[in-house]
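Consider the two complexes below, in which chain A is the common component and chain B and chain C are the respective partners.
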Partner chain A sequence: MKILTTSFLTCAVKACKSSPLSFPLHYKDAELEQSDIAYNPRFLINILPRIDWDAVRVTATELGFTVPEEKPELPALDASSSTDTIEPADEKTLRELHTLLLETEVREGKLVCGNCGHEYKIKEGIANFLLPSHLGEFELFPFCFLH
Partner chain B sequence: MSRPEETLPPDLFYSDAESRKYTTSSRILSIQSSMTHRALELLNLNTPSLILDVGCGSGLSGEILSSIPPSEGGPHIWIGMDISASMLDIALQRDVEGDLLLADIGQGVPLRPGSIDAAISISAIQWLCSADSSDVSPVGRLGRFFGGLYAALRRGGRAVCQFYPKNDEQRSMICNAAIKAGFGAGVLEDEPGTKNAKLYLVLTVSGGDVPKGDITGVVNGMEGVDIMDQRRGGKAGGRAADDRKGSKRWILKKKEPMERKGKVVKASSKYTGRKRRIAF
Partner chain C sequence: MASMTSDEDFERSNVHEVYDQIAPHFSSTRYKPWPIVERFLLGLSDGSVGLDVGCGNGKYLTVNPKIFVLASDRSEKLVRIAKQHQPHTCIVADNLSLPHSPSSLDFVISIAVVHHLSTSTRRGQAIAAMLEVLKPSPCHEHSVSVDVNRAGKALIYVWALEQKHSRRGWDEGDDQDVMVPWVMKQNTAANGASEKTFNRYYHLYRRGELEEDIQAAGGEVIESGYEKDNWWAIAVRRPAK
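The block that comes next holds the complex of A and B.
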């Protein structure tokens, strides 16, 4: 489970969708692993505006990393320009972001929702987001009370 | 061919043996890869993007997403969702690059609003049409899936879902669920009328830089695609004139449900809805 993915995941329980506590999910007993992924500056520049930096900071602090308080500023790249035009200072930021967001993975552990406390187990990098049926389909339950 | 959806729910059907069979069959491999390429062509991505693979299975289509060369806008980063643990286990053994989630798409998509660029789904959403327990309904599950997907896509994002509907009823059930969620939806049919017909549901989220906010804008300029617009939008003016209150058609429309209810209704004839002339 990459940190990038974690920064987009919320609790799957429908009642938690409206609560600000359900995001970000909090790591518990996380085991980290460093993987090797091809460096892709264009992807980072594309995805960075959509990342909630406060959430990344919370996650990174829980995993024992330190990240700057402000979201790094990156130049906008248009589709035609090549990667050679990136300034060395930006290049360094991009490399660091790449290592943090894409190459750092959680192998084992748990993700906990801050609102309902539901624990999503992570095994071999795969998070289990299956909900027991009473949580997944609870909107059908009001009908049961009518009888 | 028999339909696996009718035998068992997906998490049980794709057992270890069935998953291995699926991933090693060269016939399935070639069909999957051609469908993935077609879906990517419809998505028309020109920068490396974050893609959600719905029903990713053993990561066959994900591998293609990771291997798109930079000249064609790749490589993409993807997140896969699947309900079958055995399929995901094979994906792990094959060492795919994307992140995998064990999740039921009928329970929604557990992602932040506006987080992904695009979504693809190859031969997965027909599984939502069969309910495997009494406390779930196919319409409800389809609604939650498309609702979640619509929210998770960024403005101007696209999704392409290839699916095998059992009949026209399932096809319209799936399309209507997508439209109800807010998507601009259209169906592209490859090789229509043959046994190899493939249906692609092309979904667009309005906003952003989509040239024209629906499928006709997506396939515009593609080779060998005929557009059949079956929407009523174009004919709206004519229809309103025909259905005017007091017209013959309006009267017949009102009479029909009354007749069905068993009410006493005057017989319809050529005089129905005609003006009584004063000339007598």
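The block that comes next holds the complex of A and C.
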């Protein structure tokens, strides 16, 4: 489970989705591991505008990292050019983002919803969002529980 | 109509448990991306973020290296196989309870998944759940047309009833709810070569049914067609009136 992934996840319980407390989910008992993923500056530059930086800050802080208050500014790349010229300062920022967002892996632990408190287990890096049946369809079909 | 719990139980025995048992063998037979799916993924703008719901072994995660895919499957065994495709992510999730914020994503693909749900209601819910996470079309006050370039898009792909030239030979008028055998050849030291058959449940879609289901779930079909025994459709969320 990567920090980049966490910024696109929320609680699977339908009733929680309208609550701001359900995003981001919170790590608990997290065991971290550094994984090795190919560095791709273009991927990071393209993805960064899609990321909710406040959510990344919450997650990173909970895992013990210090991140800047503002989302880093990255250079725009020439889409038609196959080689990228990146300034050393930007290179440093990109490497740090790469390590934080992609290579920091939560191997074991839980993701907890701040609204309902439900805990999703992470085992060997894979989070399991299957809900017990009483939480799954409740919002859509409350009448199921009447018979 | 059967209750929700028994529908889930049925799918557990006749879809999920089967995939868990056949995962490595199934995965070894699934490596070539289907052309419509490849075209859809390659057509997304750089930096798009979206879902592969029911990702199986993750064969679509390698198609476009410029997008970020959050892949999910019910089968933990298949998720473990799909996880190798970095820098993407793979989680275990149910397609009726997706763990993503509404209106947050650029795309969703659902390839050969919705046909495993055992009732029309549940198939509709699966489609609605995918549409819900898509960014809505920007609303134009004086126009009912959808700005499809900026809206999140879903590609849904299901097995067709009309496939009389396939190995299965089903066609119009046949039963749409079928059990389809998966034959797994095993080589064990104790028994030598043997075969074991697993049956999976499918709902075979007839012509037009996928588009009807998408409409009913709140989507607007912007393109659809038939590709090698399957019906497919690309949809956006219909703007609220």
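Things to note:
Here, the second predicted complex is superposed on the first by the 134 of 147 C-alpha atoms of A that agree within 3 Å, B and C clash if a C-alpha of one lies under 4 Å from a C-alpha of the other, contacts with A are read in each partner's own complex, and residues count from 1 in each chain.
Here is the rule we use: a residue touches a chain if its C-beta (ideal position, glycine included) is under 8 Å from a C-beta of that chain, and two chains touch if they have at least 3 such contacts.
All of these numbers come straight from a predicted model, not from anything done at the bench.
When both complexes are superposed on chain A, chain B and chain C end up clashing with one another. After overlaying the two complexes on the shared chain, residue contacts for A:11 are found with chain B and with chain C alike. In the superposition on chain A, A:128 makes contact with both chain B and chain C. With both structures placed on the common chain, the touch criterion links A:61 to neither chain B nor chain C.
Once the two complexes are laid over each other on the shared chain, residue contacts for A:42 go to chain B and to chain C alike.
Once both structures are placed on chain A, chain A residues 1-2, 4-5, 8-12, 14, 23, 37-38, 40, 42-43, 46-47, 50, 79, 102, 124-131, 133, 136-137, 140 are touched by chain B and, in the other complex, by chain C. Within the complex formed with chain A, the chain B residues making contact are 46-50, 70, 75-77, 79, 81, 83, 88, 92, 97, 99-104, 106-108, 110-112, 114-117, 133, 135-137, 140, 154. Across the interface of their complex, chain A is touched by residues 3-5, 8, 46-49, 65-66, 68, 70, 72, 74, 76, 79-80, 83, 86-87, 89-94, 96-102, 104-106, 125 of chain C. The residues of chain A lying in touch with chain B in their complex are 1-2, 4-5, 8-12, 14, 23, 37-38, 40, 42-43, 46-47, 50, 52, 79, 102, 124-131, 133, 136-137, 139-140. On chain A, the positions that touch chain C within their shared complex are 1-2, 4-5, 8-14, 17, 23, 35, 37-38, 40, 42-43, 45-47, 49-50, 79, 102, 120, 124-131, 133, 135-137, 140-141, 144, 147.
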